[in-house]
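Right after this note come the structures.
You will see chain A twice below: alongside chain B first, and alongside chain C after that.
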Partner chain A sequence: MTAPLPKRIIKETERLQTEPVPGISAQPHDDNARYFDVTVQGPDGSCYEGGVFNLELFLPDDYPMTPPRIRFLTRIYHPNIDRLGRICLDVLKNNWSPALQIRTILLSIQALLGAPNPEDPLNEAVAKQWKDNQAEAIKNAREWTKLYAQPKE
Partner chain B sequence: MDSDDEVNSVISSEDLGGDADSSVGDFGGDDSDVDFDELQEHDGFDTQEKDLKPRKKAFEIDHKVYSPEDIQRQQDDQVAEVATLLEQPHESTAILLRYGRWNKERLIEQYMDNQEEVLDKAGLGQDVQKSPPRIEVIDGFVCDICCEDTPGLRSFALKCGHRFCVDCYRQYLAQKIRGEGEAARIKCPGDGCNRVVDAKSLDILVRTDLTDRYHQLLMRTYVDDKENLKWCPSPNCVYAIECGVRKRDLTRVVPTVFCDCKHSFCFGCTLPDHQPCPCSLVKLWLKKCEDDSETANWISANTKECPKCHSTIEKNGGCNHMTCRKCRNEFCWMCMGMWSEHGTSWYNCSRFEEKSGLDARDAQARSRQSLERYLHYFNRYHNHEQSAKLDKDIFHKTEKKMTLLQSASDMSWIEVQFLEEASQALQRCRQTLKWTYAFAYYLARNNETEIFEDNQKNLELAVEDLSEMFEKPTDQLSGLRVEMMDKTTFCNRRRIVVLDDTAKRLKEGVSYNLHFYGFGVVC
Partner chain C sequence: MKFGQEYQQALANEDFPKEWRESAIEYKHLKKCIKKVHKELQSLGLHPDTLRRMSEWVGDSQPEHQDSKDYYSATAPTLSSVPEEFAPQLRVLVDGKTGMPLDATLAPETKSALQKLAKHEMMSAGRRDYLRIPQPPSNHAVRRSSVVSVLTEDIAEEPEDARWVQLPLASAKNFYDMLEPSVQELEVLREAETAKLEEDILDLGDAVENVVQPVREGMEATRKMNYRDLYFWREMFRLYTEKPIFYSGTEARRGAFTFTEAKSRLQAYDTKLREIGLLDQMKTPQARLAAQQFLDLNVKILRIMHFQEMNARAMTKILKKFDKRTHLEGNVFLKDIGTKHPALLTNSGKQGQLQSPGGFANSIARDLNAEIASKVLAIVPQPDDWDCPVCYSMAWKPVSLGCCKSVYCIRCIIKLQDEGMKRCPVCNQETVMKADGRNINFEAMEFLQKYFPMETRKRQKENEKAALVREHGEAFVKPGCAIQ
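Up next, the complex of A and B:
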């Protein structure tokens, strides 16, 4: 039941290779062009700096009418990302527009790493820590980044 | 019983209903914002006419039933009216009205104050293209959604100018309408664009099956947005009810309305008819019954009925020597047998004699008393509720009886109709009785309570009488016809007495027993 890949997905994939976004990579699987291995580098100056985070991205059948499914595979200490790696981000939900693209979404995720929002938490425990003791929270995020998100040589 | 509690903690419904309407009024009030009292029918000036026409009872509530077509017409009329005033096209006016939750006056006022802001917030911001949206073929167009760039590709843009191919637009709308149940605020597919898709554009783009669903959803929002309209909660019913009773009126009136589908429900809370008990008490009562189901389990585990007079007895301490408080019957908790038949070996009451146990026993007695009070009302409420649940059974049974009676006697179908009327009266009266018990649980005792209780008792007696006749074997039924018809009329009349009396009392303000009502509860 494999329908031919829509032009939109082909174009997006091409562009991701020819004009890559700095600090982000997205590689489709050979056997499934809708499934991408993604890496996002922690933004400079953030508590995730130096980390490389692995994510999985899947384009559902009705993409781009519905947003891509995306999830962190690398453990991360972040108020808007839960233990299963699910992400709380408006453009992945209510504010999704079919005119948005994989690259714009990945950029939004990178921006989310640079600006955690504990007021709209997905991970209650982390968000609470972020509000009660931000220094401690940032320290945790740094430690987790060192522990889990080190680039492979 | 419990008279101490009641005297100390009586409060009137005036106080309880105090600020109930603070939430109403923002976008709530509209053209039909009439005070409840004004809704009461005016007496005709001709006294003769008044005598001929049965006067409206205090518990009867003015309301109207609307079909989907009526609702559509209402919307269309309002759109037409406001469109002329604002000098906006109909489809934009509809978007504005939906944005303003159909509060015409307020919308017009805001629009006059700051047209640009209102248009922007409603999703009708700056027009990039002036011409009305239509399907076009534009040279060199590439669709941002599907990346298609075939020459001759048909495309569409709202006035915001975000252009996409017709196929993508269609898929997008289908996803919103069918997938997400969205209609009133479907935005342009452009990233971050607030422009709302209007009905006319939708008609240009999609096929009728989708427009039908779209208009259905719009109608849902319309009724949901209007405080004086509610959908009939009966499954598969398409009607909506209009009623002028507001949230703030609900401490003084129980607005039972009757849908054309035969379902009767409360306009205040949409639960099935619960006259004469006000919505807030219904809510409290249902919550209490739910919370106390655990208590009820405890009761069944820790209390037994006296084998002689069947009153509830709680086991206190380890003693098995029970004495019924009512009939003084002495029996054994374990075997429920007569105490006199037991030897003294069973007697194990030393703990009961201890002085320190005295206070504990008092507290226990009090809690038992309040439990017993609750159980008194709950059991009666429950009994009538169970009977009401047998609704279907009874109806089928009645039909069967009617057929049997018809063949066993010389009666015609019309003549056996009295059975169905009796059965319906029974159902209605039990429904009312059920709620009189929940109501009574919260009532403070005073002189008026006695009248209420008398009325309640009279209705209950009448209902049980009729119920008993109803159970008679079919061959006796034809002989009971006249008597049953009389009893049916009597039951209905007793029900009206109960409802009329309580409705009048509610309007004046009823004293509730705060102890049971709970502090700070304003519903």
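Up next, the complex of A and C:
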């Protein structure tokens, strides 16, 4: 069943290893080169600072015609990320372009942590909190980060 | 090994041209000079500790004093109102009549030594201005001057008679007189050497262009060179850009490598070239000559980098030493150099663990790296430059959508059309559906055929196969099928 890995995926993977993006790592599984373990560090100055978030990323068969599928494994208090870790991000859906890549998508996700957008919520409860009492919401996000997203020793 | 010895040895042993050596910082002499300054200060009874204590005390003065009693202010003895030809000097607040220093904490013998000097100064200077009213500090006026002020504690008792007296320090002046020309010579040397190397790079560019020009049609017989040389050069330059030697432009690490790093990188590159035997495979003597020229150029860059880095280190070290031994604020001079010749000093690792080589070395590495990339490496196009932004394979046959400069391969555009993706993947304009045979970029096609004959042939076969799959289904071209 295994079709040869497209050149594009090979090249992207290589470059992710040789020139990693600071604060982001993506490691393909040995038995499935389309499945990546990803970690993203919370951006400095955000309420996720100090946290290390695990994500899973999968490149579907028709990648790059369709976007990678990606979700958070680490719990996170964020208006655009739901309880299952699904992410509401335009470039992962309608605004996907085959010229985007794993690296740019992960950078967008890191940027999303730095700039939560409660106007376009995926997690209604968190988004409401964010709009009603932002200070409290940020406090929650910090607490969750301490609770769930601590880097492993 | 002490730095002084290390420095002298490197200067002597490395293969530096004579005029370079003459411009080098005279570390040994400067060190002797510091000893003299130290002695002179000691003869005045001013130990480094005393000086430091006093200058620190000035620095810590509370600003409110400035308003009530301006002669008491800390701003008076700072480096303001310093004339251009100023020599390093002590500025001491003394009794206006007797010339007795007014710092109660000074030892008696120090006081009398300073008093003697001060009296002499006051007599010779005659109508020197009283520096009772401090001028606001203006840092731009700072020119190789170093001032340590000695403030008094009992000044409040007889303020009318207090005055600032400037005591020149001959030996410290020597130190700066020796250092300053070196700094300028180094700057001149850097400019000259960089210009020379840029010439070399241009020459090399011509040489490379000569040997890699793809064979024009109908000229095959007259050209001695083989088009395979093009591939050797490409591999040579690909390895060169893959692990850059002098300057790294990756996200994780941007900046010049230190001399030691660059040296080992160049060695690794050389070893790699030998391992794959690339140079021996070159067909024409001109090509081999140009390759040698390329390697020599890198060695030359490395050498000037080494020299400049050593000097930057010597400069930082000697000024630190000056500071430590005399507390005459050599670091002010250091900062001054930093602003005037930002390229010269070693960057003391401000960005944490990222050690960058010093100044000139850094800018040489960056400038020449860019120069090589644009004047030499660019002559041999790399296949990566012609990747289709969608499949990351060579954009063959090349298609331009007309909305932006991106070049796609024809297969990817067909695929995008099949999927109904209307927008150009790079610039997002709705141009995909309109594309047809007229969008084939013939100029790029000719170029690719010329520079990448092997790649384009391979891609052509892949395309034909993909077209068959599209038309007749996957099974039609499965391995094992009879059409092979």
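Here is the rule we use: the second predicted complex is superposed on the first by the 153 of 153 C-alpha atoms of A that agree within 3 Å, B and C clash if a C-alpha of one lies under 4 Å from a C-alpha of the other, contacts with A are read in each partner's own complex, and residues count from 1 in each chain.
In this section, contacts are C-beta pairs under 8 Å (C-beta built on N, C-alpha and C of every residue); 3 or more make two chains touch, one makes a residue touch a chain.
Because the structure is predicted, anything quoted here is derived from the model rather than measured.
Asker: Based on the superposed arrangement, let me know which partner A:52 touches: chain B (first), chain C (second), both, or neither?
Answerer: neither
Asker: Would you sort A:33 into first (chain B), second (chain C), both or neither based on which partner it touches?
Answerer: neither
Asker: Quick check on the superposed pair: does A:8 touch chain B, chain C, both, or neither? Answer first, second, both or neither.
Answerer: A:8 sits against chain B and chain C alike.
Asker: Figure out whether A:22 sits in contact with chain B (first) or chain C (second), or with both, or with neither.
Answerer: second
Asker: Identify the partner contact of A:98: answer first if only chain B is touched, second if only chain C is, both if each is, neither if none is.
Answerer: Both chain B and chain C are touched by A:98.
Asker: Both chain B and chain C contact which residues of chain A?
Answerer: Looking at chain A, the two contact sets intersect at 6-8, 11-12, 62, 64-65, 97-100.
Asker: In the complex, go through chain A and note every residue touching chain C.
Answerer: Where chain A meets chain C, its residues are 6-8, 11-12, 19-22, 62, 64-65, 97-100.
Asker: For the complex, give me every residue of chain B touching chain A.
Answerer: 144-148, 162, 164, 168, 171-172, 175, 179, 189-193
Asker: Which stretch or stretches of chain C touch chain A in the complex?
Answerer: Per the touch definition, chain C meets chain A at residues 250-252, 389-393, 406, 412, 415-416, 419, 421, 423, 425-426, 428.
Asker: In the complex formed with chain B, which residues of chain A make contact?
Answerer: 6-8, 10-12, 62, 64-66, 95, 97-100, 104
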